[in-house]
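Take a look at the structures listed below.
Look at the two complexes coming up: subunit A is in both, with subunit B in one and subunit C in the other.
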Partner chain A sequence: MHGGLHSPGTVAVSAAAPLALVGLTVAIGASGSPSLQGTVAIALCNLIIVLGLQVFIGNSGVYSFGQLGFAMAGGYLAALLTVPASFSAFQTPGLPALLSEAQLDPLAATLIAVAGSVLLALLVGLPLMRTSTLAIPISTFAFLIVAYNVLANWDAVTGGSGGLVAIPTSTSVTSAGLWAGMAVLAALAFKWSASGYRLQATREDEAAARSLGVRLMGERMVGFVLSAALCGLGGALAAQQSGVLTPNAFYFAATVTTLTMLVVGGVRSVLGATVGALAITVVVETLRGFEEGHRVFGLPSLGETPGLAAIGLGVILLAVMIGRPSGLTGGREAGELLRRRRESCSSSARGHGVRLTSIPREGAHLDRGTKRQELVADGVSLAFGGLQVLRDVSLVLRPGERLGLIGPNGAGKTTLVNVISGFQRADAGSVYLGGGNVSGHSPARLARAGLVRSFQAALPFEQLSCLESVAVGAMGTGAGRRRAVGEARAVLTRLGLLELSAERAGSLPAGSQRLLGIARALATRPRYLLLDEPAAGLNDQEGAELVEALRDVVADFDCGLLLIEHDINLVTELCTRVQVLDQGRTVALGSPEAVQRDPAVIESYLGSGYPAVAGA
Partner chain B sequence: MLELREVRARRGGAEVLHGLDLTVEAGEVVGVIGPNGAGKSSLLRVLCGLLPPSAGSVSFDGRDLTGLAPEQITRLGIAMVPEGRQIFASLSVAENLRLGARGPLGEAATAEAMERFPILGERCGQRAGQLSGGEQQQLAIARALVGSPRLLALDEPSMGLAPKAIDSIYELLDGVRREGMTILLVEQNVARTIDFCERSVVMSRGVIRAEGERDELQRDPALLRAYLGRQL
Partner chain C sequence: MGLMNFAQGEFIMVPAYVLYLLAGVPFGLAAAAALAVGIGLALGAERIAFRPVRDADLSAQLVTSLALATILQSVVMAAIDTRSQSVATPSGLSESSTILGLAVPNLELVSLALGAATLGALSWILFRSRVGLEMRAAAENFEMARLLGVRANRVLSVAFAISGALAALAGILLVTQTGQVSPTMGLTPVVIGFVAVTIGGFGRIGGAVLGGVLLGALSSLLGAYLPDGLQPFRDAIVFSLPVLILIFRPEGLLVRPGGAARI
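On to the complex of A and B.
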């Protein structure tokens, strides 16, 4: 079901493991005493909520403290839609007749509750997802507080802080288990969808993801809404399990508990959410037994020890954070854990390393029929504080051309690329792409228009595999998963990285990570590719091999290339024109040979020792 | 002075050093070259305690370094100039230097460094992030030197620098070498490394495949070519 990014075996095992845990839980619960059945059913509802948290937090890497607000919404909606009219009359006298007289069947009420949570998430998410990565935890927390206070104080409609009673109890262990199984599949399907990968890319590196065309806010919104749907579902089922509902059911304590479950299990994986939710439930319920002075598992009673369960939760969280900071599962799915195990047994003497020379040429011809025109920066100026970094710099890059941009450190080369690629706004001047003025457009929008850049630092998507990293490049500019995988393979083949497909990007040596960055950018099918020091960290011979590969790739992909590079030999080899910046100004522009003879360039950039050293 | 014996290390599940032997004598200047992914950076990470070896031993002046934390190793006299410079961009030049110095003599050492590196002295109040790449690299080296190390390990000091800036970095390192500092230099710039170091070792796939003195290596480019390009 997941075209090529994982082997079918990995997919099957990754889905089967959490489903088996859910199945086991249902089997234990269904055969137990009524009180055990209740505990298990609630645990399964909590699991659905934790899966909801995983969908947003795990994939976006941004903590939200507000998702339980959607569980409140789902719970209250389901309750109000099912409570018999006779109870509604005194519990919630201010409720509109449409709701108070409705007495829907449980399934309809649950579905409407989920839909309501989704609507609320759309409403709340639009402003919240606009806030910065650091502000989202706080702003979502604010939402939770508002949601609670509305429910606790709008007595006539919600029953106030006393809550609601007489909710028909329809959630059984089996039905909660079925829903939990579907939630597991939904969370996995999202994680492995093109949208899920784009969101994970923003988690790994915001700037790199945006440079590939990923719309940060839009992707976060998708994860936020799906997360709200699952939280709303969990809340609705829980309300219909216990029959009573107070605003406190999904407030601080529940937020802390569910987040602890997720973190202990491993935020990044669906298996982690499942393991965390179920393991913590077992431990907390056991400790609660002790706390109330019961004998548990035949162990002697401790007498009444209030607070034991909460202390236990804290100790577990601490222990996991110290011993296994990425959670019990390490944030991996079951299939990935299994594959890792097999590999670590057979991984001896595996060398990475760049192999650029023996590249097959077939299979990578990407046809782009669009009409192309020049990329132009016109009179760009920019100052940081008092420091004038760019002074009226213009640059023209023609379709299919290879232009070198050189100059001393601090000359403004990277800043110019930042301006052209939308990462930095210029004080003056404009950027034109294909004849249209694109000044001030976001990096994602420019990437979708065919203007893509790489970074000086490799900015790898550390937790993604090489294949996934490059596929995100294609997905960022709109490709579906299947096409993205095809393009990723073609690009990896061209750069000699195909054999590293399954490796985690974070585990590659620095030079290969840089190549991977170029591969990622190429997978977007750029019309213009801006590379910032692609050969840094490669030795002379590897640099020469990179030149060959770039020359071929750029010709095949038919894109214009802007190359910032200090290795003058490499620039001479690859570029047809060279532009030299010094102190924010263009000081020379011409053929590589002419530029190298320019006295101003020798003075400011190459140094008087040139060419003795560079030719060595 | 520095002795690595049969060192093995793993990164991300895979072994990256497969039994590496390396000896550096006091006052010696040794270069490490090799293709991307050969294990050069891993070697330096093992040396300064960021990557604990899974087998083998690392000793410095007869003292076993295995199991020591990075800060303990620094205190024993090994200073590292990391790849990508890693200066504290939002702190001033002077603050960066002060953080490299230790103990009651820190202030004096900082002042001395600013005399020795005039550009840093001129810019002592500026935020380090505002320096040019070459100046930042100078700062990274100066920050390593103010701790009065006995071994200076450098990871790709020329990376991302313009040719002229590379010249001035190597001039500076030449001065450090003349003072008798023991230096271990990891560099992608092969010609530079061989020229600068008395002896260079060639790494590939996690072990040292060849080594030679400056003259030998300069006379025998075939030896280098065999190891530096495609992986064997």
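On to the complex of A and C.
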């Protein structure tokens, strides 16, 4: 995998480790007693469901409590498609003839069950993924309850709360193991796809991801549907393993169990899902032995104590959440764990801040073939409650131009950038890009149109490497993985950050994080770049180096730059025109020298002395 | 406090079991004991489970509370029984009083009075008392409130004590209405509460009340007008329709104006 985001060795180890665990489990199960075979086959089905949870929860960082609803759907579909017609006649009399007479081959039934789960996920996800990050756990939980309620009460079609019997048992340890292996590969492939990286970027920082062109709902939807496919597969295989199916099989208790497996192993990694699922199965089976009053491992019996396994699960889950919230694997894949030694030496990276080299940019294609037109904000006004933050502000940024936007604290600079970049809606006024009215467009849509902004805070994608972070910039605006990696390397090289490629963004010093934020934005190939106080929080030397970098880079990348700053010296050095805001109004506009002589500016801004510290 | 708690349902269930275990003790005394256990349980949960994950994100806190809920539920199942148990309630509550010529069940009167008294007391604590002010400040910006001298641990303890007391009251009322306790009795009320808060808008008492009233009204209307054949699906409909509200108001019905986060 030349030019990938990980070395071939890392990729191979990361895939091999969970596959080896699955292989080991199959080997143990296949040679065991029939009851052990059953336990192992069910464990593998659970593993597939946990991998399904990992795909959505791990990559999006949003907990869904409803994914087991898709296991219900997959299980019931597979069951209804395979139960012999003679049984269907009495346990599901209301079933359409097409389904009740169907007695499909197990593989065909499984595939249809997966397809059905995907359809249901599309139907359910379209509204649910629109709800806010805070509401998704609740709305998905509501979906689980609705699914259970329907299955448990639609007696004529689903067999009601008594469920279904006489499902042909076709799932063996080997077949479950094969499916689980494929699920491992699918989860890893998604995690390392462009789509997977965009989703992970929303997990790390929603606003930063959207500013790079990532469509929040769309990416969540992709993860949600793939997750549902795996959960549906696990449900279908489990139903065909046990031969009976009740609505309770995938309800509240199963949700707690599978979530515990995922959290214990480590939500962010496929290895974690695998380790967690298998380890918790061993624990639960042991506790269940006690629960039924058996002697386990030579320990004395406690007599029958229903609920013991659940208490054990709850205690483990609680202990992990408190003591090691990132799980046994720390959310890393096997290959990344092997590389840990290098990462622990990252103190060497802390030493060097912003450092620039003048390596020419590779693969430059400056002529975008697009019409070079202006970015215009026209008569923008905005009030927060009684506070008028912007009063009829207009702004023109020409292609390739460097415009400074200065003003004292509270002048409305950041608010203006928020309006232009789509993060806030103005009460009045419009924004035009390339001649078209783009007022009210989402940040992601504007980024795809070539208008990208940075933030006052660095907002790093903490858990992603520098290379991955910058690649997300290119992926966000539609590049595939391969091209994004090339683009990211070029930008990192240009900004002198290439040697930090493999470092986690969260481990960098502030100066490098700031520069990384600009690198991310540049990787989108913006036509217009809006930088909100890029030097805030940097020391004088770092700030000076940043100015140098910006001067070169903006010329190279051929984009218009809007630079918001407190520090008028920085703006004077870098910009050809300066616009001064005060109390939401434009008070001056012209060359840096002219603006500095302007009496209105001197009174409102310079007269009070240059503000020493840039506010956050 | 920016925390959603799955175990809130178990804060309802455990005090209800206190009533069951104290059968034979005078009801008032048993109820007082249940209230005390509810407050103690909430305080203990805050200290042991929630304080360590206070700085984690909302999802992590939700999962932590899920773990706590599972433990409490399973302990009751293991110690008592998985099936529901019946509880004798004072006979006075099942009789009716005549008010202005209308026969009103005493239980309804008590529920109504308790509901009004609780809402009044809660509003007083939150909006008139010092600790209420501290609590609202901490809910807005925990770190800033601490910097200004709000004693974080005390505020959180008081918040949990209040929620424990409210849950215990709900548990006592549920038992007197149904005469039964079961290990899973807390699930439905807590889910209704979650959905109510979500559609009403987080962080607003008014939102929670509005959401709760909407859900209650919807459930009653469906109970009255839904054809018999569809009655079993009432819960499914009750939980589906509110989600539709979120499609059009992703932040809930009541959100503060200009509430966009500063970036």
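The rule is simple: the second predicted complex is superposed on the first by the 582 of 616 C-alpha atoms of A that agree within 3 Å, B and C clash if a C-alpha of one lies under 4 Å from a C-alpha of the other, contacts with A are read in each partner's own complex, and residues count from 1 in each chain.
Just so we're on the same page, a residue touches a chain if its C-beta (ideal position, glycine included) is under 8 Å from a C-beta of that chain, and two chains touch if they have at least 3 such contacts.
Predicted model only: the values in this text are computed from it and were never measured.
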Subunit B versus subunit C as contact partner of A:I145, first or second or both or neither: second
Partner chain in contact with A:I322 - subunit B first, subunit C second, else both or neither: second
Partner chain in contact with A:A89 - subunit B first, subunit C second, else both or neither: neither
Touching partner for A:I28 - first (subunit B), second (subunit C), both, neither: neither
Subunit B versus subunit C as contact partner of A:E542, first or second or both or neither: first
Set intersection of subunit A contacts, subunit C complex versus subunit B complex: 456-457
Subunit A-facing residues of subunit B, complex: 11-15, 18, 33-38, 41, 83-84, 130-135, 156, 159-167, 188-192, 195, 204-206, 225, 228-231
Touching residues on subunit A, where the partner in the complex is subunit B: 340, 343-344, 347-355, 357, 387, 406-410, 456-457, 503-504, 506-512, 533, 536-542, 545, 566, 568, 604-607, 609-610, 613-614, 616
In the complex with subunit A, residue positions of subunit C that touch it: 4, 49, 52-53, 56-60, 62-64, 66-71, 73-78, 82, 187, 191, 194-195, 198, 202, 232-233, 235-236, 239-240, 242-244, 246-247, 250-252, 257-258, 260, 262-263
Parts of subunit A lying in touch with subunit C, wherever the complex brings them together: 61-63, 127-128, 130-132, 134-135, 137-139, 141-143, 145-146, 149-150, 153-154, 207, 252, 256, 259-260, 263, 305-308, 310-311, 313-315, 317-318, 321-322, 325, 384-385, 414, 418, 423-424, 455-457
